[in-house]
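Take a look at the structure below.
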Amino acid sequence: MGFRSNLRATGVALSLLLASGGFAVAKTTIDFYFPVPVQGALSREMSRLVKTFNDSHPDIEVVAAYTGSYDDTRLKAQAAFDSGKPPAVALVSANNVPDFVIGGEIEPIDALLSAHGQDPKTFLDDFWPALHANAKADGKLYAIPYQNSTPLLYINAQAFKDAGLDPDHPPATWAEFVAAAQKLTKRDGDKVVRYGFEMPGIYDYLGWLTQTFAMSNGGQFFNPYNPGEVYYDQPSTRGAVQFIRDLVFKYKVMPEGVVDPSQVSTDFFAGRAAMVMLSTGSLTFIRNGAKFPYQVAFIPRNQRNAAPIGGGSMVIFKKLTPEQREAAWTFVSYMTSSATLGDWSRVTGYFAPRKSSYDLPEMKAFIDQHPDALIALKQLEYGQPWLATYNVVAVRKAIEDEVQAVLSGKKQPAEAVRDAQKNADEIMKPYQEKLVQLGSL
Amino acid sequence: MRARISPATAVLGAIAAGIALLWSTPFLWMLVASFRADAYGALDLASLVPGWPPSLENFRAAWEGGDFPLYYTNTLIVVAGTLGVQLITISLAGYAFARLEFPGRETLFYLFLLQLMIVPPVLIVPNLKMVISLGINDSLLGVMAPYFASAFGTFLMRQTFKSLPRDFEDAAVIDGASLIQVLRYVLLPLARPALAAFAIVSVVAHWNEFLWPLIVINSPTRRTLTLGLASVVGGAEGAADWGLIASATLIVSAPLLVAFVLFERRIVNSFVFSGIK
Amino acid sequence: MGVTADIIAPRASRAPAAHAGERRLRFLKPWALLAPALICLGLFTYWPVASVLVDSLFARRLGDKTAAFVGLGNYIRLLADAKFAAAALNNLLYAMGSVIPSIVLALIFALLLKQSSAFNRAIRAMLFFPTMVPLIAAAALWTFLFLPTLGLIDYYLGRLLPISINWLGDPDSALWAITLVTVWKNAGYYMLFYLAALQSMPEELIEAAILDGAGPWQRFRHVILPLLGPTTVFVGVIAFAQAITTVDHVIVMTHGGPNDATTLLLYYIFQTATEVHDPGKAAAATVITLVVLSAVSTFGIRSLDRRGLYAS
């Protein structure tokens, strides 16, 4: 070994070093807006997922931004789109798809699937059937479900036993439900010490639960194929609103007025509400906080078991450069893979939208340990699409305002649903007129 | 006055103390609840009797739920940056309105004053578009920019300068001082109480601002205290961890409260001597 | 040259050659000084106002590629909208309900705590605390206070009377709950203004009144109160503006509900723009709000002017 061969060796080593990435690779940077509520664990998990992706894809950099609630996220994404600088990917409320499609803001996923060798027709097969309708518009796929929930009945098993009821056989029909609630409601003179039932009455939640009751009562709530049609002033919805009213004023098992979800869970923990209806997304919170034995159950049926889904889906925006769109697709594919969806589900308490996630060993172990999660999953069989129309927030509020009035004793159900239908139709009129123009009615 | 306190004064004092206590109830609850452990299902969540032993569990959860040192830093940047630029714009504009004659002065002043009422949250949609087109969306600068010109400050400076005798300025000008030097060495020092009062109003307003930063800021790294609080408190679908909420609120409110207690006399005095009345 | 020259020959009579240049400089100076403020105002106040005025004349719904000119169409739709009328009424009630009590309380506090004893200063601090914390922090605390049965108000009230009120969830009480939060938050702030006014009040007038034999109530009514006139106007204008432009608590506590009971004008505008996707109507509502705000501020400034609030 002479001096020269040492030099050559050094030269080789140096050039290898330079070639292996001593300088930056050209990166495509894309923005990702997400509304996951930030409690420590959830935001850390999201950051971890994004970081794992960025580390394994050196040519892409995803910049994740927490954009508030679902509504705030929609607002910011639309403002950014209007100004020509949309995020590449956003996690939006599952029922916002028609609004985004009508506004011409998001890409159809079909084309991206085909370009990457997947069959658009069979792509959704791995996803729970209840999720399909909300992911599509105009017969095309526009959103990929990411996290989902349904309403769920949580019951205080201890209270059930005290009242002589069997917590292993929770009420399955409306009639059983009322009977149980009446037995569970405790009074101290005139004052209610424990309500048989409580449910949130705030915007977004109330519409979801009203839809639940309406569909359990046998009817449809809206037309999944025509985002300009809702069925508020129909016997099934009217009956549902009547049932809600009766719970408060006739059977007196539910408090009057609009109840905040924080109050519902606080009352449940304090033993002041024996049964509550909350999202499956609250399962982890209830599990960690309840100091008494509790059970979960399907939403009681009147005509059938039905529960609208809730949650969020991934969408990809228009106005991207081809590189950005590619990067967006790669990111979305990663985030919606069976394994990632499974991870996310276990951390958050949401469902994994893919059936295959539940075949993975970690998921099987998790379900074994948590039978309540299994019941929640089983209800998905009766899952229904979530109200998704043109101007969905305003249309949803049209019924919510009326039911809030009913809950406060200010309106009767018949008048309430009639007014809700009138207001909703008024809001959707521009869209209906457009349909007429396009001759597609 | 070391004289004996008359009964009337004592009664009034007791009334005042009673009102103050009632007024402070939310804060008293905040203090008690932050230190109370494990408050999920307690029926006495609202009790003002402290739990024993006191626990720091809620603070730990709140601290971990967000990045409070970062939020503090961002808020300090926003507050100091806004105030800094405001001091420049209001001094210059206040001087112009107070000392200089020019056509349309009164009309322009009224136009300025419109901004007292027409605050950025009212014009939120066009302001957001403006911020996006200027490229300062999702930045602290975007949060500060709409407030750089302050009608209130300009009004205050104009009034203050007008009330100062011209002699000092005139002497300085005769000595060959430029306008900037006159402002810096003569007028602004004399206007100190008004500047202090303005600074207090500005700092408090921007420390506590919520809606505009909410709209402008997306990145978690640029959040201010109010946004940080909203996200920690926001919680999941239906979560109601009141101990966490109380402790997070305490973390956010404490510095201002402490600062006020320390500087209370100066703050009140500056209001008195600033001529805002 | 320099000082001597100016004393012997004051500016006005300098050589004519310098005049033109000087006049130009004198003309330029105000605009140069005002430029920084004007640029900011232009970008973030005047341009948005113009933009909103223009937008209010166009209608663009979800899915429209372009906006169509509709003249006063948006205004007509706006005035026919029951929700807008409700928001306007809510805001009026809220303004009256928050401005008047805040001012009255502020005045009472200031009178009670006029002397700067250590005790008074402590009390003042406690009354001022609510102003110092962000409204959303206050909203978080008050949400708990208002919680039915388990919340602080119902908890202690429930010991006296067998009632449990759903403060935020009942359309009849929700607006007053929000109003209470506002009064609590601002009374201490307005107290500062009254304190300043009381402490700089000329003692001679009060002494003269005492010499004339006026009792405390008469002194208050005929001397102090009139002298506080400008302060009251000033505080009233600020408070009214606050009532229109601050909706943080509505956003966080009630989202405008229940059943639109707490929807205020600004919240209505926000909703119309972002939830109903009707920017034209939102712009029209903004224009109307701006007109109201401008009217109030002009009235306030004029009346301060007349009372000689600022030296001229």
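Here the chain labels run A, B and C in written order, and each chain numbers its own residues starting at 1.
In the analysis below, contacts are C-beta pairs under 8 Å (C-beta built on N, C-alpha and C of every residue); 3 or more make two chains touch, one makes a residue touch a chain.
Since the structure is predicted, the reported quantities are computational estimates derived from the model, not experimental observations.
A.B. asks: Are the chains arranged, by touching, as a line, ring, star, complete graph, or other?
C.D. replies: Complete.
A.B. asks: Consider the two chain pairs B-C and A-C; indicate the one with the greater count of contacting C-beta pairs.
C.D. replies: Looking at A-C and B-C side by side, B-C shows more C-beta contacts.
A.B. asks: How big is the gap, in whole Å, between where the Cα atoms of chain A centre and where those of chain B centre?
C.D. replies: 38
A.B. asks: What's the distance between the Cα centroids of chain A and chain C, rounded to whole Å?
C.D. replies: 39
A.B. asks: Determine the centre-to-centre distance between chain B and chain C, using the mean Cα coordinates as centres, and give it in whole Å.
C.D. replies: A distance of 15 Å separates the two centres.
A.B. asks: Enumerate the residues of chain A that touch no fewer than two other chains.
C.D. replies: 75, 262-263, 266, 270, 272 - these are the residues of chain A that touch more than one other chain.
A.B. asks: Which positions in chain B are in touch with at least two other chains?
C.D. replies: 43, 45, 125, 129, 242
A.B. asks: If a residue has to touch 2 or more other chains to count, which residues of chain C qualify?
C.D. replies: Where chain C meets two or more other chains at a single residue, that happens at 147, 150.
A.B. asks: For a test of understanding, state which residues of chain B touch chain C in their complex under the given definition.
C.D. replies: These residues of chain B touch chain C: 12-13, 15-17, 19-21, 23-27, 29-30, 33, 43-48, 88-90, 92-93, 95-96, 100, 102, 105, 108, 110, 112-127, 129-130, 134, 145-146, 148-149, 154, 158-159, 162-163, 174-176, 179, 204, 207-211, 225-226, 229-230, 233, 242, 245-246, 248-249, 252-253, 256-257, 260-261, 264-265, 267-268, 271-272, 274-277.
A.B. asks: Would you mind writing out the residues of chain C in touch with chain B in their complex?
C.D. replies: 2-3, 6-7, 26-27, 29-31, 33-34, 36-41, 43-45, 47-49, 51-52, 55, 109, 112-113, 116, 119-138, 140-142, 144-145, 147, 150-152, 154-156, 184, 188, 192-193, 195-197, 199-200, 230-231, 234, 237, 241, 244-248, 251-252, 266, 269-270, 273, 279, 282-283, 286, 289-290, 293-294, 296-298, 301, 309-312
A.B. asks: Okay, in this complex, where on chain A does chain B touch?
C.D. replies: My answer: residues 33, 37-40, 42-43, 63, 65-69, 72, 75-76, 79-80, 82-83, 85, 149, 200, 205, 261-266, 269-272, 278-279, 281-282, 284-285, 289-291, 349.
A.B. asks: Under the definition above, what is the set of chain B residues touching chain A in their complex?
C.D. replies: Result: residues 40-43, 45, 61, 64-66, 125, 128-129, 132-133, 137-138, 214-215, 218-220, 231-232, 234-240, 242 of chain B touch chain A.
A.B. asks: Hey, which residues of chain C end up touching chain A in the complex?
C.D. replies: Touch list, chain C to chain A: 61-63, 65, 143, 147-150, 158, 162, 164, 166, 168-172, 255-260, 274-277.
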